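Pasting the structures here.
In the two complexes that follow, chain A is the common piece, with chain B as its partner first and chain C second.
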Partner chain A sequence: MEGTMRKFAAFALALSVVAACGGGGTGGGGGTTDESAQAPGKDVKPAAKIVWWHAMSGVNGDALNKIVDGFNKSQSNTKVEAVFQGTYDDLLAKLNTALASNAAPALVQVYDIGQRYMYDSGQVVPMQAFIDRDKFDTADFEPAVINYYKYQDKLQSMPFNASSAILYFNKDAFKEVGLDPTKPPQTFTEVADAAKKLTKKDASGQTVRFGFGPSIYGWLFEQLLATSASPYADNGNGRDNRATKVVYNNAQGKAILDWWKAGLDGGYFYNPGIDNNGAANAFDAGKSAMYIESTARLRGHINTAKFEVGTGLYPRPDAKPKDGGNIIGGASLYIMKSRPVDEQQAAWEFVKYAMTPAVQAQWQADTGYYPIRKSAYNEGPSKDWSTKYPQFLTAINEIRDSPQNRFTNGAVLGVMPQARARTQKMIESVLLGKETSQAALDSAVTEMNTQIDSYNKANKP
Partner chain B sequence: MRWTARDIRSLGEGLVYLAPSLVLFAVFVFIPLGRTFYLSLFNTRVTGQATTFNGIDHYIGLMTSPTFQSGLVATGLFALYTVPVGIALGLVLAVLLNQRLRGINLFRTMMASTIAISAAVGALIWNLLFNPSLGLLNYVLSLVGIRGPEWLIQPGIAVVAVSVTTIWLTLGTNIIVLLAGLQGIPEEIYEAARLDGARGLRMFSRITVPMVSPSLFFLLVVDTVGVLQVFTQIHLLTRGGPVDATRTLVYSIYLDAFQNFQFGYASAESVVLFVLVLCLTVIQFRFIERRVHYQ
Partner chain C sequence: MRRPLRPRTAGAYALLGVTAVLIAFPLLLALSYSFMGASEIATFPPPLFPKAPNLDNYAAVLASIPIGRYLLNSFIVSTAVVIGQLLTASFAAYAFAFLVFRGRNLLFFVFLSTLMIPWEATIIPNYMTIRSLGWLDSYQGLAVPFMATAFGTFLLRQAFLQIPRELWDSARIDGASSLRFLRTMVIPLARPALGTVAIYGFLSTYNQYFWPLLITNQTLMRTTQVGIAQLRDEETLRWGLIMAGVIMVAVPTLALLVLGQRQLIRGLTAGAVKG
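Up next is the complex of A and B:
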């Protein structure tokens, strides 16, 4: 008897493990991708209340609540309730569970790389349906932003917060070593040369300041590929048709990794690991004199750093390929199909409000994201902001100067979050000397292609 | 054996008493478990519904995946670094705390205090300590002329860093359990041993360890199961990196299910973890428990 009890105890312990881990993927919900999904009729009265899930915390969260308050006061039909759901990843995971149990809200903010997932979920009323119905004018929208969120020439969602990647540099350090702070380096070789000059050692030979310290962040690699005019995935970066492979194991991909690795081996690049905050801390603390990150960090650096913060164009290959440029980042808004039509209608009313130039200008001034539409720059808050922080113009000029093509539109993949994580592992593996650059690229691509295959098999359009 | 009416009645009565826990178990354990087995045989949509039947393809995929294999190694290493060290350290500290000294309760409270710290808070504290540019740990090391390693960046050291955090977090529980065990040892046994001439280490290995072995065994089982489920520290410190060095099975399941939305594949991993934990626990009960001395 005792033996049986013991066995049972062992079994129960093991059970508790699997029950704790395997809860995912409850049934129900259903849904296939329905491209003909329609917007509700124009005469549908907007619902009295809708819920909006978002992932903006801190300063950005306050700015978002300001928009919601403004909307709620501007009219009396609808009250929007904004609910913070954690990081972008958390939000998507929660949305996934909510969809299965029919508890999704009417409006959600989903990050850039979640767009194929949202499309494949078949749970979205395409934004284009509302745009077409109301003949909503998107002519003055930032082309780079709107192109990023278009799939087969249709907007599935409305861009909301947009950023891009730039080079940050320490102007004081530049002056100290005799570099011109008005001419930040632009190409791989220029960055490496400047980094060598900026690197400083103490008497014991320990490096106290590195020239360049980017974190191992997949998004940065995607941006470097785009400035190198290289595709990330096939079928026009997954935009002409659903991608079936990733293709970055090419000469451009190798050049990026070799440049990164050489800088680290030479002792003038710094490796803060995968920790983006760590890379930002190192820059603020003067441990690295340059690094690359999102424009969304600009305000934080200006507030924290004890030196003058400079911004420059994102690095690119020495040949400066003319088809290369930057991809935008950020998030967009989706209206969910599972909610009643009056809630969809109300969500659309709110989206239109959020897109007005005045709201956009205030959003820019409060956060550091740039406005989705150009007319926002004529508004007071935006003008004040640009005068105060001229560094910010780097980002918007960079994005406007980028040619619009498949490379700079950015890749769309259902498995994009995973693909990004895989490139991070690939970069780590090269930087730590575990694999040569070509071998690391090849193994990452091979592994991702298997994943894309099974994703495409399971999510038939 | 034949079922009499009385047996059946008492079975029915028993089931009524058990019903609340059976219902809870069914809802939170058995149904999700069944669902996990089921999903592991299917491809799933991104939203989690099963689509096409896949047979044992996910399992074959797992067995041939280098990521999964390195995940098993990472899990094993992590358990090996954490469980024995955590228990040994807990035992040493518990023996020290078992002295009758003035103010010993203050020390006991201090040493056991990590029990009151959540894994998330603990991981954040250690993250600050490990920070390469601002970290206290490397600063202290540099004072004595040692150049500290890049704790969370070098794969081999990152496993150690996560293990240190985990040991620190579980130490409080280990100390309390072992201290309770030590206090249950009758003084007469020590007196008898002393009369026979046993001292110091010999006393420790011949009297203390066997007498406290039920607690040690309990901790071995519970800590092993616990360490195989560790998520928070890994998520906050390394996210499974660098180069998958800390991508344990549980973290893999999280990534595949809630980042990659491949519920079928993640379910297959859950099933493998289940079998693994079951086997380990059976082995522990079978072979190690023989050496446990129950009073």
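Up next is the complex of A and C:
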């Protein structure tokens, strides 16, 4: 992960020049203007073939191909060809190269944190343009999901695969130590108290089970900030206007780190390092009794772990700030401006198909991501899925109960991948005792602000 | 009658044995994991050997990606690159080692300095060249950019310099052309070095990930490493499946290495007795 991050950073830097030349952003203005002028005319006939680049491998890749097959069979105008392009980072690097020589496809799947970068490339037809043109109704869409992909309240891309972060816990271990498995801990103190009880040592004093074992993952820190009702960046987390500073070196940021560090020092938290799979494996293996991760891992855990898996709300400060909540993650679909209008039209047709409730329900059942539309939950595959994995309800309720504001919409930064990597380094240095929490926060923020400055200079509108 | 091992030899073997196991450990673990189910791998402490070995992972690899085609593509591309590198590097090295011309050293250092250019810096220009040639999604696009190698040229030049100058003089006196001298004397004498260049070139091409990913869009033109990436799940890593894929990709190269090693050793010892 680190490696790909760095690779991506190199590309981002090399190509910010290309992006800067590519032309200034898409429609800067206020919140009420109609964007339909940027979409091709309604009467443009969709192209016979379009290419879609995606980053879904394994089971999710199969599920994606199923959608494409379904679309290709459902009509005879357009054939979509889905091409796997490696990880999200690989895909973005390849897209950058392709844009520079006009070889980009009509539709691309880009991860959540690539949002600002795509916007600044000036190569995207905003999804809002098609929505305004067709008066496409988004009332049924999951607000938390759709809000994430809005900049100045205009939808730039169509959310495709969405997940959020929840608390996973080992119900068997809860019962063993006398904790109520129907009432998982919710606040920082509750998590720490439960973790103390769940920690088990063997005769020689070695810890065989830790109470709580989260990976050092920037996304989890972003989620903790959001449940603490703290912004990550200025200018409304970069959503009202371009962010110029990271601001998380505040009391909330410090409280998160201090809680984490105290747990490790006390011996009841486990530190798998910067290793999401390591944290997941430790949970499956019973080495840590609770941890926090993406809802998309739920099915994997239920199928792999040899104990009953429980899910609970994501941890938050003891005061449970009412403006706090969770951010969604995942990826969305962008229609590229560099392709002819008939291809853009075809891409929009496909996007509309992918958003139908039946397709969304099947997608949920095949992958474990949220449906983007609420009505998808009434469809057969989605109902079956919720019956099979009732733990999933925690996830969807959590995201529905989150207030919609700039904290829970999540941060948008051009250098978000780099910021995330730097945040992880910051957390690690605190957990390993190399720096105090405030000093680590301050130095990370200073460094990121320099990066933001140079990014913003290279991408002046 | 076999003589009993002397303590020193036995010690040496023991040490070699331990080192061999240490070095091979990741590969052996991959092999063992490829026969395990997901929940078995997840147990703690991690098991070393499968309790109920099965081929499910291999079947799953075959079902999810066209691994045969990927292997074929990787072999075609890697072989083409090796042939190309051997040709260009041996010609260039020959010129640097035997021919005398003005600016030879300067040219050689310029050659060497290309080693210092990071690969990332050349990838976009390379991509644009390949694209304008219309070589996206083609074997030539995958192979041609790697057919010249500064490292290989350097290695071969050093090997060629070991060949006595007198040999060249007498060949010239007997009227042999440069090409003939290269073919009949230099190449046979430098076989170990050529083997090294070949194996290095083959493996580094075989293990490429980003370039093949960048310039191919059709499944049928992709190579093994892209295939392995396709086995990865973004959210849940199925180690058994990935390891089965890794083994399937690694075995052909290992076989090649074993066969190639014979050649190398023969190359090293050929003519050693006569001197």
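What we mean here is this: the second predicted complex is superposed on the first by the 424 of 461 C-alpha atoms of A that agree within 3 Å, B and C clash if a C-alpha of one lies under 4 Å from a C-alpha of the other, contacts with A are read in each partner's own complex, and residues count from 1 in each chain.
Criterion: a contact is a pair of C-beta atoms (placed from the backbone, for glycine too) under 8 Å apart; a residue touches a chain by one contact, two chains touch by 3 or more.
Remember, it's a predicted structure, so these values are computed and weren't measured experimentally.
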Answer with first, second, both or neither: which of chain B and chain C does A:228 touch in the superposed model?
neither
Given the touch rule stated above, what does A:57 touch, chain B (first), chain C (second), both, or neither?
second
Tell me which partner A:282 touches in the superposition: chain B (first), chain C (second), both or neither.
both
Could you tell me if A:100 is touching chain B, chain C, both of them or neither one (first, second, both, neither)?
both
Applying the touch criterion given at the start, work out whether A:86 contacts chain B, chain C, both or neither, answering first, second, both or neither.
second
A:294 in the overlay: touching chain B, chain C, both, or neither? Say first, second, both or neither.
second
Which partner, chain B or chain C, touches more chain A residues:
B
May I ask you to decide whether A:303 touches chain B, chain C, both, or neither, giving the answer as first, second, both or neither?
second
Would you tell me the residues on chain A in contact with chain B in one complex that are also in contact with chain C in the other?
7, 10-11, 14, 93, 97, 100, 281-282, 285, 287
Give the list of chain A residues in touch with chain C in this complex.
7, 10-11, 14, 51, 55-62, 83-87, 90, 93-94, 97, 100-101, 103, 163, 277, 280-282, 284-287, 294, 296-297, 299-301, 303-306, 368
Chain C residues within the chain A interface of the complex:
38-39, 42-44, 46, 64, 120, 123-124, 127-128, 131-132, 136, 209-210, 213-214, 217-218, 226, 229-238, 241
Within the complex, chain A is touched by chain B residues 28-29, 32-33, 35-36, 39, 43-52, 61, 67, 131-134, 147, 150, 152-155, 221, 225, 228-229, 238-239, 241-244, 250, 253, 255, 257-267, 270-271, 273-274, 277-278, 281-282, 284-285, 289
Footprint of chain B on chain A - complex, ascending:
6-7, 9-11, 13-31, 89, 93, 96-97, 99-100, 117, 120-121, 123, 206, 216, 271-275, 278, 281-282, 285, 287, 414-415, 417-418, 421, 424-425, 428-429, 432, 434, 447, 450-451, 454-455, 457-460
